[in-house]
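This report refers to the structure that appears directly beneath it.
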Amino acid sequence: MTATNLADIEYVVRTIAQTAVDKEKEFGDFDAVVGDGDLGYSLARGFEKVLADWDSYKREDVSTFLQQIAVTITSRIGGSSGPLWGTAFLRASVTAKQFNEITGTAAVAMLRAATDGIKARGNSDLGDKTLLDALVPATDELERMITSGANAADCREAFAKSTRERAEATSELEAKRGRASYSGERSIGSPDAGALAVAIIIERIVAGWPER
Amino acid sequence: MTATNLADIEYVVRTIAQTAVDKEKEFGDFDAVVGDGDLGYSLARGFEKVLADWDSYKREDVSTFLQQIAVTITSRIGGSSGPLWGTAFLRASVTAKQFNEITGTAAVAMLRAATDGIKARGNSDLGDKTLLDALVPATDELERMITSGANAADCREAFAKSTRERAEATSELEAKRGRASYSGERSIGSPDAGALAVAIIIERIVAGWPER
Amino acid sequence: MKKFVNNPQQFVPEMLEGLALANPDTLKYVPEYNLIMRADGPDQNKVSIVQGSGSGHEPAHVMIVGKGMLDAACPGDVFAAPPFDYVHETTKLMASPKGVLLLVNNYTGDKMVFEMAQEMSAAEGVNVKTLFINDDVSVEDSTYTIGRRGVAGNFFVIKAVAAAAERGADLDEVIRVGEKVNSVTRTMGVALTACTPPAKGSPLFELGEDEIELGVGIHGEPGRRRAKIMPANDIVEELLTPIVKDLPFSDGDRVALMVNGLGGTPISELYLLYGQAHKRLAEQGITVGRSYVGEYCTSLDMAGASITLVRLDDEIESLLNDPAEIPIRVF
Amino acid sequence: MKKFVNNPQQFVPEMLEGLALANPDTLKYVPEYNLIMRADGPDQNKVSIVQGSGSGHEPAHVMIVGKGMLDAACPGDVFAAPPFDYVHETTKLMASPKGVLLLVNNYTGDKMVFEMAQEMSAAEGVNVKTLFINDDVSVEDSTYTIGRRGVAGNFFVIKAVAAAAERGADLDEVIRVGEKVNSVTRTMGVALTACTPPAKGSPLFELGEDEIELGVGIHGEPGRRRAKIMPANDIVEELLTPIVKDLPFSDGDRVALMVNGLGGTPISELYLLYGQAHKRLAEQGITVGRSYVGEYCTSLDMAGASITLVRLDDEIESLLNDPAEIPIRVF
């Protein structure tokens, strides 16, 4: 595994963290529509800590790095997001061990591990109107593009576009998990807060990739 | 003392009572500007009782009749208005005993007794921004008109007009009594609620006099 | 207006009926006079302690009737002193050989009606006295006004005189205690929003989106001045400074500190205020010996709070420490 | 937003600091984990009772820590389940040889984090179990959702398990008691206004001038349906009917009746609701054996209320009757 790989992962994590901090208000407002409005606050407080501890993380390899991020997130993010995002990072970290290099294929495997972890932790699945409904189909799309031999930039663009589309499409679903689920049918008509947040984060990662 | 006198007094009391009931909301709003908003409610609850008990009042003479009204008012009206208005009616009742007929002069004497009673009960005087600042000068005006030999209708009109003018003029005063007094200088600029209420009541009495 | 209310005219009676239904063993409700009294009262062996006032300040005072606190509360309608009859009948009903003390917050209407009732009942042979409470530092006391208002600090007077009465003190001694506590009690409040009396149906005054009212009264009367909303710690400063200056409280004093909610403010915010007040007092060498955080004397649904300080000595502290049983059950 | 707040991020810590300053003899505050625990805890001779949840529900749960109630409360930020670390550290700190019971309201986030902490602490040798509370009838329980929410009824579970623990019951027996009380407790709430989380700074949802939300949750989650404002007695009917039907409660039952304020509603209105609920139950042959009126589990500054019924038997009633000492001091 190369240092360049780690730099890419660092870029990705750093962008996630910075976006969560920058968009605290916006993510909170998404969650207020049918949820309880704390998503922005919870993510910001956790990822703020990630940024604060940034220099202290060990950087032996991608897996070790991600595992420490998982610990910070799990211990510092409240609400549903702490356990869910923490599990996602932990599973991605474990999966990263299988790869010498973080290729597109590795990224897909790590994303799958992450979403499988969220499903297990959240006792949830596709159709429950969660971030899974954006991230899982977008991962499928990313895999399809890679398999089809598309160039890296196109793959990234397709991934971001798909996440955004699927996040918006959660509007049609009825929430079955999280605080939003108590809104029942009334959750239909507005997109899931977690899914939108993930879409915005991924768009930022992709947009900044060339200058990372 | 003639029955006609009593009929006039009944008309006056009934109009006071009916106005207090009809104008509950308006009087309350006057009191809300710098006071605590309960004037309308307090007067309405008491005078409602006057109307409900109307047929049961003894009608031997004006004094007996007014004394019973005083009892109802004192016992049923809360806030500052109960003791003040009750005392006013009681003092008017006592004064009425001195007269065989309720002439203009008798009316002036009864009004003076009433306002003196309010001063004593309320430990208040002219300039404190209360109903006294409307009723006392208006009574002076009524007396002046009577002494000058004006006809009864003109006397009444002058009385109503003076009450209204003086009530409005309380705007310039700073409240020194009642809940409004805590507003201090900020009570300047809006008229006293009790004074306005008295003006409206007297205007109604005068307007309806010909058809009483 | 969105409130839990049926007919606004029945608001107070329906509340009192609920109170009595919730406390059948300890409270009695006499609907004719809005009266709430101890079910086993009046106790013939002690001075009866009665507090009168307008309604809208709950739990004051109907919900603090019970052994060790009030023997009866005599409330008027919302923000209106009770009519004369209510006070007169309550006084007669609560008459005990040791006497009756009528506790009254110092307002024009209340003062008149309680003085009248006291005179009348005394003339009828009842041993009754009145004590006026005036702890509000936001009103300048002057010969041109009726003087300071009684606000949340009245709780300390009530608690102390009730404890003294329960211990067997006679009427004069109970009054001495009450006057003493009143003389060392100071309060100042702030409103973040106006309150809405049920019968009025709209807010009693207008406060801008970013405005607060410093020195507000408990009937929605305006206070000392309007200000822009500021950090909680600065608000504590605005309230505490005039209170401390007024008595004055000083280095070495031991105090009771109350942070009282005005009705619409959650207790979380009250504790936040408490923390800052406690620390600011400590910096001035003033030690908090007893703390009170919650709703004691409210102004309907007004968001806001008041701070009260009482200078403690052994006698006052011991009286405040006596047991009391009131309907505000927690568990 | 007009609130008593300095930095919204410090809202919860500053409230907890105030709470600890006001109760120096009985409470200890551990800032690293937002933890409020009994100053003398953990008691090695009893099961430790710990409640976790988001903040914003005060007095639940940080203000009901004390002898006979909680040994510790482990709050997250406003409306957010506490992070894993907080729960994990609290659990270890509260470990007693007789074990630790983690009481949790049934929400996705809380459930995940407490289950994780329980697993982790158990793996580290702590004798710890979790009990989920789900008394809210406004949420349809189905296999497609996480199920019912825990709301104000959790107070009865807390009180009963705390009393059992205080009496010396072992962990399994404490859990039996808790499950039993939870199984006979039913709640439904209504919002008249939305609440404003300090960090958000604006109301969590929009309610029209004449709209109310029936079946609202304690985090501002929407409820069963919107309705126009209606007389208080009709609102009682809207809340009571689904509650009574659900268990069901029936003729001959003896119950505890709680009318809980959601934060912005004055206690006068709560007693008005109580009176009507009490009378409506009596008409159905349901007797109120114990009554609770006030704020127990709030939703910040939301105006509104919830009604809770608990079916009593001798065991439950006796546990509810046990003494408890908590910071919500009245006098």
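Each chain gets a letter, A, B, C and D, in the order it is written, and its residues are counted from 1.
We adopt the following convention: a residue touches a chain if its C-beta (ideal position, glycine included) is under 8 Å from a C-beta of that chain, and two chains touch if they have at least 3 such contacts.
Listed by chain with UniProt protein names: A, B = Dihydroxyacetone kinase subunit L; C, D = Dihydroxyacetone kinase subunit DhaK.
The structure presented is a predicted model; accordingly, all values stated were derived computationally and were not measured.
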Best-connected chain pair, where connection means C-beta pairs in contact: C-D
Chain whose mean Cα position lies farthest from subunit D: B
Rounded Å distance between subunit B and subunit D, as computed from the means of their C-alpha atoms: 55
Subunit A and subunit D: spacing of chain centres that average the CA atoms, whole Å: 32
CA centroid of subunit C to CA centroid of subunit D, Å: 29
Pairwise touch network: line, ring, star, complete, or other: line
Pairwise chain contacts, counting only pairs that touch as defined: A-D, B-C, C-D
Touching residues (chain side subunit D, partner subunit C) in the complex: 2-6, 11, 14-19, 21-23, 55-56, 58-59, 63-64, 68-69, 155, 159, 192-193, 209-210, 212, 229, 231-233, 235, 263-276, 278-279, 288, 291-295, 298, 300-301, 303, 305, 320, 324, 326-331
Subunit C residues within the subunit B interface of the complex: 9, 54, 76-85, 88, 107-109, 112-113, 116, 139-140, 144-146, 149, 197, 199-200, 204-205, 217, 219-223
Residue ranges of subunit A in contact with subunit D within the complex: 28-29, 32, 34-38, 41-42, 45-46, 74-84, 86, 121-123, 176-184, 186
